[in-house]
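Here the chain labels run A, B, C and D in written order, and each chain numbers its own residues starting at 1.
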Amino acid sequence: MNAQRRHIRQSPDRLSASKLLSVENLSVAYSGGSISALEGINLDVHEGEIVALLGVNGAGKTTLLRAVSGLLGLHGGAVRSGSISYQRKNLGDESPWGRVRKGISISLEGRRVFTDLSVQDNLKAGGYTQSKSAAAKAYQNVVELFPVLARKRDLAAGLLSGGEQQMLAVGRALMQGPKLLLLDEPSLGLAPLIVNQIRDIIVEINGQGCSVLLIEQNVGTALSIADYAYVLDSRRVEHHGTAQEMLADDTLRDLYLGIAAPAAGRKLNKEAVR
Amino acid sequence: MLNVESLRLEFGGVVALKDVDFSVEMGELFAILGPNGAGKTSLFNCLSGLVKPKGSIQVNGNEVIGKKPHEIADMGIARTFQNLGLFGSMTVAENILVGSHLQIQGGAFTAAIRWPSVFRSERQARRNADELMELMNLLEVRDSVVDTLPYGIRKRVEIAKAVASKPSLLLLDEPVAGMNHEETETFVEYVLELKKQLGLTIVLIEHDVAMVMRIADRILALDFGEVIGLGTPAEIQQNERVIAAYLGATDESDAQTELLMEGAISE
Amino acid sequence: MAITETVKPVRTAHVQRERSRTKDESQLCVSKGQRIGLAVGFLLIFAVPLSVGNPFLISLGVTIGIYAIAAIGLNVLSGYAGQISLAQSVFVGVGAFAGVALAGLAELPLLVWLPATFIIGGLAAAIVAPLTLRLKGVFQIVLSLGLIFVGTYIFVNSTVFTGGNSGISASPALSLGFMDFGNLVVGGMAYGYQQGLFILVWLCVAASMIAVVNMHRTRFGRSMIAIREAETAAQIAGINTNGVKVKAFIIAGAFGGLAGGLLLAQLRYVQTHQFGINMGLELLIIAVVGGLGTTWGPVIGAAIISAIPVLATQYAEYIPFLQEDFSQSGEIGIPVGQVGLLIYGLALVLVMVFEPRGVSHWFKIGGEKLRSLGSGNRAVVDVRKPS
Amino acid sequence: MNNFIQLTASGISLGILYALVAIGFAVLLKATGHFNMLPGALVLLGAYLTYQFHVLWSLGFILAVALAAVVCTALGILGERYLFSKLSGKGHKSIEHLSVLLVSLGLISIAQAAVVSIWGPLNYLINDPWGLDVVRLGGVAIAVRDIWAVVLSLGLLGIFYYIIQHTRVGVGMRAAANDPEAARAQGINPHVISATAWAMCGAASVLAGMMLATEIGGGLVPTLDQVAFTALPALILGGLSSLPGCIYGGLALGLVQTYASGYVPESFGQGFASALPWVVLILLLVVKPSGFAKTLETRRA
């Protein structure tokens, strides 16, 4: 069973690109080991890819991003076994701030902008690890992507609308000049028009050479931009495949709408867990 | 028995619930569906008195808005929480006894001097709690401290705690989040059994659409704090706004989304 | 309603056994061993003072008992209900000065003045309690600090009962009529004042502990713990959280007042500045070091925290680095008067860092080990399928 | 009138010292998320260390104060690294707050015992450069010490303001205070933030302690830490957070207290002036319990 899971079949074009992030057989637990949150997760993000993480609430998506960004400890969680490698080096016990310096940035669930700080100070905080000149350059890039942030730069971030706060959260993460951007539900509670806007920006960021690992509830939005997707269910990776494969998969629809589809399309390389 | 009219809730300019209307019949299993951030938990917080919305919520003809949470509990409304509303350092039995707080007599002074009627009521409550634990198959973890138990069992303890107050209306907030399929199945069996035996009316927030479609009598779908659908599972499955909320915005320009939509509609 | 009827037919013998076991859980003594322990405890309350001749040790026992009572009250408030207060000393002061007024000035009998200190302490807390209801964490602690300073101000200026800065003496009556704790005669033998007082104080400790255990095991105790663990969930379960918090405050104040009355009986001279921040801190330290929210914590904490400085002062000459005379400045050594502070501080830091559950946790573990040796472990079974 | 001006002057100088101490509590609260009482001990130790360096070891006064600040900062950072940080993650947030508070109270007790053990219980003079000098301004005598207290405090507060508002570490501090997890996600190292906070706290506490020890009729006493507690109402009046808030709170407290000691008749009883700030605080908490409580509690949620 375990051996089977360790050898995930890769789609051929994926193997050619080099691995940026590689999660191997990762298990995570909270509260001193009493609550298991992830079990034997295998996941790769290759350079230049957008990878989507799908699955219902409580499946462990946010926990996985916390593990990659090193923020587990703040929530009483810890890696029990397995490893997370970034640029072929094991991250081990690297601190969250150390990971940011290595190029892994995260935009947390629920936006989490610094509500008391002005928009500009939020972005400054984002550029904390950067040199002055690099921060200035990143700032130019961010306000080009999100012109609204430049217009409202002296406003306290708490006074921005939900969509603007989300843009600020993503912009703040971009200030760190990431090579790998982790996005936890960037469309949470946003109107469809703004969701599309954010989606376009994710594509643009990706075009600038930044790989993206994305949690998204809206399967359509996620798969429309992702190269590859993983479906988490009850702490495990239940399916994975390219976006095209996923779109043709009926079990996904079952999961999200409760509509059992007739056996049509290709079956994915599914791990036999059920 | 539950009647919600033009319910509106704002947090500092952000509208969490926008003119929500619905009613739940006695004995119904009523589900509330919607993506994260749609306002489902806000709705529950209105129902249990944790926030003060505008509009009207009536339970058996009594207004809920403006009452304190413990007064609302006294009206026969019990609820569970998304992230477990258990008392971690207490045992399973003690948690259930806290749940049956309203059924027990006695205060600080009468307890301190061992007033007999207090301890009679206490013994009765312990007997009832044991019976409830037996029904929920919890007797074997009766004296275990809740924090040490696995997640699935804790979820069950929370339901038992809520039911211990002998409510007429039970609100369940994402009860199967984080459970695997086997655990979910078991859990649903427990809930349905309880509903049957105690004659409960249940309102359920759930993200697991498949499960909801299977067990709910009627479904209310929310998005951005607005009602986007209300009806039987079959009706909701056909509702395009609901499909869009879960499977993607109806963005015609996007070929991949179209592909998916075709798949979903061709059912 | 429905539960009882529907479940009856399927009840198993297993459940019957469980039921008979649970019957006693709200009782004071769950097992036979505990019943014997209780009897032995009561016996000791009389046997110790009548057999120990050393007046210093008896007086130390009285002090420990008094601090234990005050800490039992604080433990209800901070340990069970989770509301932190540094101001327990104020209620001890209220009790002591109420004792001065009732026992000293009005010369009322024991059965009137001692319960009155309990009630007056509770009333004082009832006045203060509403202030703290909506406050949490830092604010609550700062408010309790404020209460100490305001309390000291009120004490200093109520000179009739307190003697202002210079203190006041009183000799409260300790007679029950048939028995005078102040002048104990058993079997023709006359005993000292402190020996009689020891019995009175420790009877009060026992009564306080029993009262708190009774509360802990019933509805009110569970309400307090529920509030400590998750206030919102407690409200949803139908608990009037504000009401319960006020009651916890009143209980703390009442036990504080009782301790104050007994302290007056022990010292027969009290001074306003005794009831300041140092005593408040000492009481909180006793509760924490003993173990917040445990039955025996306050007593164990009191035994450790209030005994060590007294012992150090008594046996200073045998302990290195202690110096009684600190007039020769420049020479490093710990003055005897500072030992208390030093020990409080060290105890607090060490306990919080290494065993936040308090010293009584060690006793508990020890007890469990003994018991498991006798009975063998019962494993907890994970149940998944409904019956 | 002259009396009023004189009282106002000493009220302002007392108030600004309260503000300094309050700032010490506030930066720690914001940077570490815990309410820590240790600044009370630093006020005490700062004053005695200044005495040790300046009077006993005959170092220059400024050097002595600076050295004391360095030692206090180091003590704070060591405490944070080896005690306070060990207390987190052992349970509920509220238990964590309580543990930090209790350990800091324990350390205050130890500090008090240490001060009396090392320096003895007597009052000392700190031999400050201004001594008992007064400046006469049209019939009003204002102590030079009061002027120095205001000038030095405002100078230090100005530096703090610049650090918090305009430097990278200042932005980091504000970010960490607003949302500790999101701050870590920006690459902000919490150890750097807390070390900076302890440095600020050490500097403010030592300056305040030294100044309080030069108070006319006060001098160096082992109960200086309790004076520090008196600054707590200022912290709460000022809203627990902002630098200007602490200054307003401190000044209000200092003035109220000085006017009370000058004008309130004897019939109000002994010690009224020192109890007054607490009475004001309690009344405010009764009138508007959520008003300033909100600042901290909602943010921590």
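Throughout what follows, a contact is a pair of C-beta atoms (placed from the backbone, for glycine too) under 8 Å apart; a residue touches a chain by one contact, two chains touch by 3 or more.
Keep in mind that this is a model prediction, so the values were computed, not measured.
Set against one another, B-C and A-D show the most C-beta pairs in contact at B-C. Using mean Cα coordinates as chain centres, the one most removed from chain B is D.
For the pair chain B and chain C, the distance between mean C-alpha positions equals 41 Å. Chain A and chain D have Cα centroids separated by 44 Å. Chain B and chain D have centres, each the mean of its CA atoms, that are 48 Å apart. Annotation: 30 Å between the Cα-based centres of chain A and chain B.
Annotation for chain A: no residues touch two or more other chains.
Among all residues of chain B, those that touch two or more other chains are 150, 183. Interchain contacts close the chains into one ring where each touches exactly two others, per the touch definition above. The chain pairs satisfying the stated touch condition come to A-B, A-D, B-C, C-D.
Of all residues in chain C, those touching chain D in their complex are 82, 84, 131, 133-139, 141-143, 145-147, 149-150, 152-153, 156-157, 164-165, 277, 281, 284-285, 288, 326-327, 329, 332-335, 337-339, 341-342, 344-349, 352-353, 356.
For chain C in complex with chain B, the residues that touch the partner chain are 1-4, 6-7, 10-11, 14-15, 18-19, 22-23, 25-28, 211-212, 214-215, 217-223, 225-226, 229-230, 232-241, 247, 251, 380-387.
Residues 48-50, 68-70, 73-74, 78-79, 81, 85-90, 93-94, 97-99, 101-102, 104-108, 111-114, 118-119, 122-123, 126-128, 130-132, 134-142, 144, 150, 152-153, 161, 165-166, 182-183, 186, 189-190, 193, 197-199 of chain B are the ones touching chain C in the complex.
Contact residues on chain B toward chain A in their complex (touch as defined above): 14, 35-38, 147-148, 150-151, 174, 177-181, 183, 207-214, 224, 233, 237, 243-249, 251, 254, 256-257, 259-261, 263-264, 267. Residues 69-71, 73-74, 76, 95-97, 100-101, 105-108, 112-117, 121-122, 124-126, 128-129, 172-173, 175-176 of chain A are the ones that touch chain D when the two sit in their complex.
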